[in-house]
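What follows is a pair of complexes built around chain A, which joins chain B in one and chain C in the other.
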Partner chain A sequence: MAKWGMVIDLEKCTGCQACSSACQMENTRMPGENWQDVLFYDEGKDLKWFPRPCMHCEEPSCVTVCPTRATYKNDDGTVTVDWNRCIGCKYCMIACPYGVRFYMDSKPLVEPDVRTEFPGDGKHTWKPPYRQPESQEDWTHGVGIQPAGVVSKCTFCYHRISQAPDGVADLDEDNPATKEYTPACVRTCPPKARYFGDLDNPDSKVNQLIAEKSGTRLLDHLGNKPQVYYLAGESTSIPGARASKRGG
Partner chain B sequence: MNTAVGSKATSGMLLPVTVIGLLVTIGYALSQVLSVGHASFATSSDGVSWGLPVVTYVFLSMTSTGLALVAALGSVFGNRAYYPIVKRCTWLSIATLVGGFTALALELGHPFRMLWAIPTGMQMQSPMFWMGVFYLIVLSLLALKFFKIHSGDWSGKLLGQASVVAEIAALGTLGAAFGMMAMRPAWYGTAIPVSFMLAAMAAGTAAVGFTIYLSHGMDQERMPTPLKGLMQDLFPKIFAATLFAYLTFFVFHNATGVWSNAEGLQVFEDYAGSAFFHLEWIGLVVALYLMANPGTHRQGNMQILAAVLALVALFIGRYEYIVGGQLVPLFKGTWVPELIQYTPSLTEWMVTGAGLFLALAIYAIGDRFLNLGDQPQG
Partner chain C sequence: MQTKDINEEIKWAQINKDVLRSMENPRKAYWVAVGMCLAMLACAVVAEIYQYRTGMGVADLNWPNMWGLYIATFIFWIGMSHSGTLLSAILHIIHADWRKPIYRFAEAMTTFSLMTAGLFPVIHLGRMWNMYWVLPYVSDRGIWPNFRSPLVWDAFAIFTYLTSSALFLFIGMIPDLAICRDNARGWRKKLYTVLSLGWAGTDRQWRHFRKTYLLMACFLIPLAVSVHSIVSSDFAMSIMPGWHVTTFPPYFVAGALYSGCAAIITLFIILRYFFRFEEYMTIPIMEKTCKLTFAIAMVWTYLNLIEFASTWYGHDLVAKEVLVDKFVGHWAPYFWAMLFFGSVLPFTLAFEKLRRHLPTMFVVSLFLNVGMWLERWMIVGPTLSMAYQPFAWNFEYPSMVQWAIVFGSFGWFGLLFLVFVKIFPSVSMYEVKEMVYHRRRAHVEDQAVAFHRRAGDGQPVTDTP
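And now, the complex of A and B:
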C-alpha cells in the first residue's frame, strides 16, 4: 500500500489560487470553506503566499483527540472524516495545528449563506447548482456534500487516489495512465508546483524532490509530521510559527 | 430530619423561579438550534470553535467535582462537622453535572450519536473519551451515594473513596483535554489539571455556601444548630484556604503568560487589560479577604457576597482560559487579525442560562422534596 504525500515547490507557485478553485469545484465546497487555501502574508516589503492543504500528518493530532474515531488514518496514509460517526464536538478543530478543518454547522464564512440560498434536501446541508457526481459521494471518507453537524477537511481527493492502480510511484497529471487519479489541486496547478506520490517508494518523484531540494515540513516542532513537504529554494521561505503578522 | 423553619418559604420560591428561567432559556436555545442550527452561535470555523456553552459545561462540571470533594470531607474522611452538608453537596453535585452535560449537548452537532459512537470507537488516546468514561462513573456513583444517604444509610466508606478517585480522574481528564494541547500554547501545561482541581474546590465551596443560604432565607439564624456551627467555623476556613490556593495559581499563571514572549501567549496581555480581568481578580481578592478576616468571615451577608464574587470570578476564569486560548489564530494569512474577536451570541447565553437554571431547578426539587439537610442519626 502506498503512503501518499505531496510536495509543493514554493519557487514555482505563483499564488494564483487555481488549486483552491479546483478543490472547491471538485469537492463542492461552500464559499469560504477552503479545504485548500493559499495564505498571503507580509515578508520584508513583499507580499508572499503559501498554499496550504491538509497535511495528512503521520502523527495526526486530529485523530488522537477524536473521541469517536470519526477522524481516522487510512492504510494509504490519508486522514479522513467519517460523517456517519462525527458528533460535531470540534475537538479535532482545536487540535489541528494547521487550521484546515471546517465545521458545517456554523456561521457562514462568506455572505450570502449558500445554505439558505440553495437549501438542502434534509440529507445534505445544501443543494448547489453545480456539484460533484453523486456516485462519488462517500460519507465514510468525508467525500461529497456533507450532512449537518459534522466536520470536513481535505481528503487528498480520496475518491480519485483510492482508485489508482497498485504500485504506482507517482500520480502525475502529465502521465495519461495516472491523470484521472491525481488530486484536483495537483492536476490543475498551472506552473506544476505540486507533486503527488508514494512516500514509501524510494523511486517516487516526491521522494527525489524531498531529498534533492531539502523538503521541509510545516511547524515540524509540533511533531505531527506532515506528509506534505515544501521546497523553499533560495528565493522563498516557509513562514514561521504562523503566517500572520507579528508585533504592531 | 428536616431543615429548619423558613427553608420551605425560600425553596418554595426557588423552584418556580428556576423552572420558569429554565423554560425560557432552554426554549429559546432549542428553538434556535433546531431552526438555525449552530449558525446561531458566534463560534465559527475561522475563529473560536469552543465558545460560551463549552465554558458553561466546564464551569458546571468543575463545580460538581468541587462539591463532591467537599462532601467527601465529611463522608470519606469522617469529619463529622461536615455531616450537615454532605447530602446537600451530593445532590447539588448531581444537579450541576446534569446542567453541564445539558449545555454540552446543546453545543454538539450530534449529541445522541455520541451514545453509540464513543463506545464503539474506543479511541483510548482521546482525552475526551476518558472524560466521558470517568464522568459516567462519577454520575453513577453520585446517584448511588445519594440514594443510600437518602434511605438513611450513611455507611459505605468504600463507595465514598471510589467516588473521590473517580471525581479526581474525571476533572483531571477534563483539565488535560485542554492542557495536553501543545498546539494551543495558552492552554498547554502539565499542571493544568491540578489548576482545575484548585478552581473546583473553590467553586464547590462557594456553590454549597450560596445554596445553603438560598435554602434558609439568606439568613444564618434560620439554620439548624449543627449547620450554623459549620457556617461559623469550618466553612469560612475551608473557603479561604481554597480561594488562597487558587489565587496563587491565578497570579503565577497570568504573570507567566504576560511575561512570556512565546508565540501564542500574546492573548495574556490583551486579557490583562480587559474589564473582566479586573472583575475577576478583584472578586477573588475581596472574597478571600472577607473569608479570612475575623471581623467578616462569620457574617452571613459577607459569606453570601464572597460566594457570589468567587463564583462569578471563577466563571470568568474559565471563559478567559477556554476562549482566550483560541484567540491567537492558528496558521492563517495576514488578513486574519492578530487576535480573533469573539462575543457570545444570544443563543449561546441562553445555553448558559439553561445549564445554570437546570442545575438550580434540580437543586430546588431536592431542597423541596428530598430533605437535603438530613444528617446521620445518633
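And now, the complex of A and C:
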C-alpha cells in the first residue's frame, strides 16, 4: 500500500489560488471553506504566499483526541473524517496546529450565506445545483456534502487516489495512466508547483525532490510528522521554520 | 463579639425546629428567587432552541474560536463543584468540626454545579443527539470510544464524580431525613420514609453509617482532585500554545477550590439571611471559611505567577506571544480584571473587620467568582484566537446566544438549589448536635482543668482520648 504524500515547491508557486478553486469545485466546498488555502503574509517589505493543504500527518494529533474515532488514519497514510461517526465536538479543530479543519455549521465566512440560497434537505448542510452526484459521496471518508454539525477537511481527493492502481510511484496528470487519480489541486496547479506520490517508494518523484531540494515540513518541532513537504529556495521561506529552530 | 463557632447552650429540639422551619412555607422572597431563576433559565432555553434549529453559526462559533464560552463555563461549573468535597470530605477527615453547619449546602452545590457543568459539553456539540457515542456500549454501529481522547476521560470523570457526590450527599443526609420523616405529614412523609431507608438510630446503624461515610469521603477526595486534573488535560494534553503547561492540573484544582469557596461564602450569607440561620452559620465559621478562601487564593495566585514565568523564560515564541497578548493585546481588559478579582480582591479577606462584615463579604465573594469565570475564559479564549499560525489569528467576541446560555446556566443552578433547600435540610441537624455536644463537653473539661489547676491538685482524670 502506498503512503501518499505531497511536495509543494514554493519557488514555483505563484499564489494564483487555482488549487483553492479546483478543490472547491471538486469537493463542493462552501465559500470560505478553503481546504486548499493559499495564505498571504507580509515578510518585511515583501508579500509572500503559502499554500496550505491538510498535512495528513504521520502522528496526527486530531486522530488522538477524537472521542468517537471519527477521525482516523487510512492504510494509505491519509487522514479522513467519518461523517457517520462525528459528533461535532470540534476537539480535532483545536488539536490541529495547522488549522486545516473546518466546521460547516459555524458562522458563514463569506456573506451572503449560500446555505440559505441552496438549503439542504436535512441530510446535507446545503444542496447546490453543481454538486457531484450522491452516488459518488463517501461519508466514511468525508467525501461529498456533509450532514449538519460535523467537521470536514482535505481528503487528498480520496475518491480519486483510492482508485489508483497498486504500485504507482507518482500520481501525475501528465501521465495518462494516472491522470484520473491525481488530486484536483495537483492537476490544476498552473506552474506545476505540486507533486503527489508514494513516500514509501524510493523511486517516486516526491522522494527525489525531498532529498535533492531538502524538503521541509511545517512546524516540524511539534512532532506531528506531516506528509506534506515544502521546497523553499532563495526567495521563499517556510513560516515558523526559523521560530521552530530557535524555540524547539 | 461572637467568638465561639456555635452557641453551646442551644437545645437539640431547637436545632430540629430551626432547620425544619426552613423547609416549610416558602416566603415571598423565595418565590421571587424562583421566578428570577426560571426567567434566566428561559433565556438559555430559547437561545439553545434557536441554536439547535439554525445551527452553531448563530453562536458566532467560528474558526478558530470553536469552543468559545461554552467550554470556559463548563470548567467554571466543574470547578465550583470542588469546594463541596473540600468541606464535606477533606475537612471531615481532618476533624475540622466547624464545617458541620455549612457542609450540607456545599455538598448540594457540588452535585448541582456538576449537573450544570455536564450540560455544556453537550450544548457545544454539533450533533448533540449523538452525545452518548462517547460512552462505551456495544452496538451494531461499531462505535467504540477512543480512550486516548481527553474528552472521553471527561465523560467518565464527570459521570463518576456526579454519581459519587450525589450518593455522598444522600448518605450524609439519612439521619436527617429520618428526623424529617418523624416530623412530616402528607407527601413529604412518604418521601422521607422512602429516602431515610428505615433509619432508627440504633447503635449498629450508626456504626455502619460512620464507616460508610468515612469510606465515601476517602473515595471522593482523590476523585475530586482527579476530575479537575482530567478537565485540565483537555488543554494540557494538546500541543496548543499556552495550554501545554505541566502546572495545569494543580492550577485547575486550586482554581476550582477557590471559586467553590467563594460560592460557599455567597450561599452562606444568602441562607443565613433568608432562613435566619444566625445560630448555625455564625460569624466565626464565616471567618474560617474566609481564611480558607484566602489561603487558596494565594495558592492560585502563586500558580498563576509560575505559569507566566515558565512561559516567559521557556522561550516558546508562540506561547510567549499568547501571554503578551493577554497582558497588552485584545484580551488585556479581561485579563487584568481576572488578575484584580482573583489576586488583589482576596486581600479583603485578610482583614478581620471586613471578614465579619457580611454585606462586604457577599459582594467580594461574587466578584471573586467573576474573576474565576474570567480566568476560565482567559484559558480558552486567547489560545484559540492566537494559535500557531498568524493567519489563523482571529479575535471574536462571543455572540448573544452564547452569553444567554451562560447566563441561563446560573438560573438552572439556582433553581436546583432552591428546590433542594425546601425539600431537604440545608443544615445538617445531627452533625450540628454532635458539634454542640463535643464543644460543650470540651468546655466543661476545660473548666475542670482550670479548677483543678487553681486548687493545685494537678490534672483531673478524664475519659477523653
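Going forward, the second predicted complex is superposed on the first by the 240 of 248 C-alpha atoms of A that agree within 3 Å, B and C clash if a C-alpha of one lies under 4 Å from a C-alpha of the other, contacts with A are read in each partner's own complex, and residues count from 1 in each chain.
Here, a contact is a pair of C-beta atoms (placed from the backbone, for glycine too) under 8 Å apart; a residue touches a chain by one contact, two chains touch by 3 or more.
Worth saying up front: this structure is predicted, and the values here are computed from it rather than measured.
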| item | value |
| --- | --- |
| Superposed partners chain B and chain C on chain A - clash or fit | clash |
| Touched partner set for A:H159, first chain B, second chain C, both or neither | neither |
| Partner chain in contact with A:M93 - chain B first, chain C second, else both or neither | both |
| Contacts of A:K107 with chain B and chain C, given as first, second, both or neither | both |
| Chain B/chain C common contact set on chain A | 37, 39, 41, 61, 64-69, 85-91, 93-95, 97-99, 101-103, 105-109, 113, 148-150, 219, 222-223, 240, 243, 246 |
| Parts of chain A lying in touch with chain B, wherever the complex brings them together | 32-33, 37, 39-42, 50, 52, 61, 64-70, 85-91, 93-99, 101-109, 113, 115, 148-150, 218-219, 222-223, 240-246, 248 |
| Residue ranges of chain C in contact with chain A within the complex | 55-58, 60-64, 66-67, 121, 124-128, 130-131, 133-134, 143-146, 148-152, 155, 234, 237-240, 315-318, 384, 387-392 |
| Touch list for chain A against partner chain C, complex | 37, 39, 41, 61, 64-69, 85-91, 93-95, 97-99, 101-103, 105-109, 113, 147-151, 219, 222-224, 239-240, 243, 246-247 |
| Chain A-touching residues of chain B, taken from the complex the two chains share | 37-39, 41-46, 49-50, 108-111, 113-114, 117-118, 120-123, 125-129, 132, 177, 181-184, 263-264, 326, 328-336, 338 |
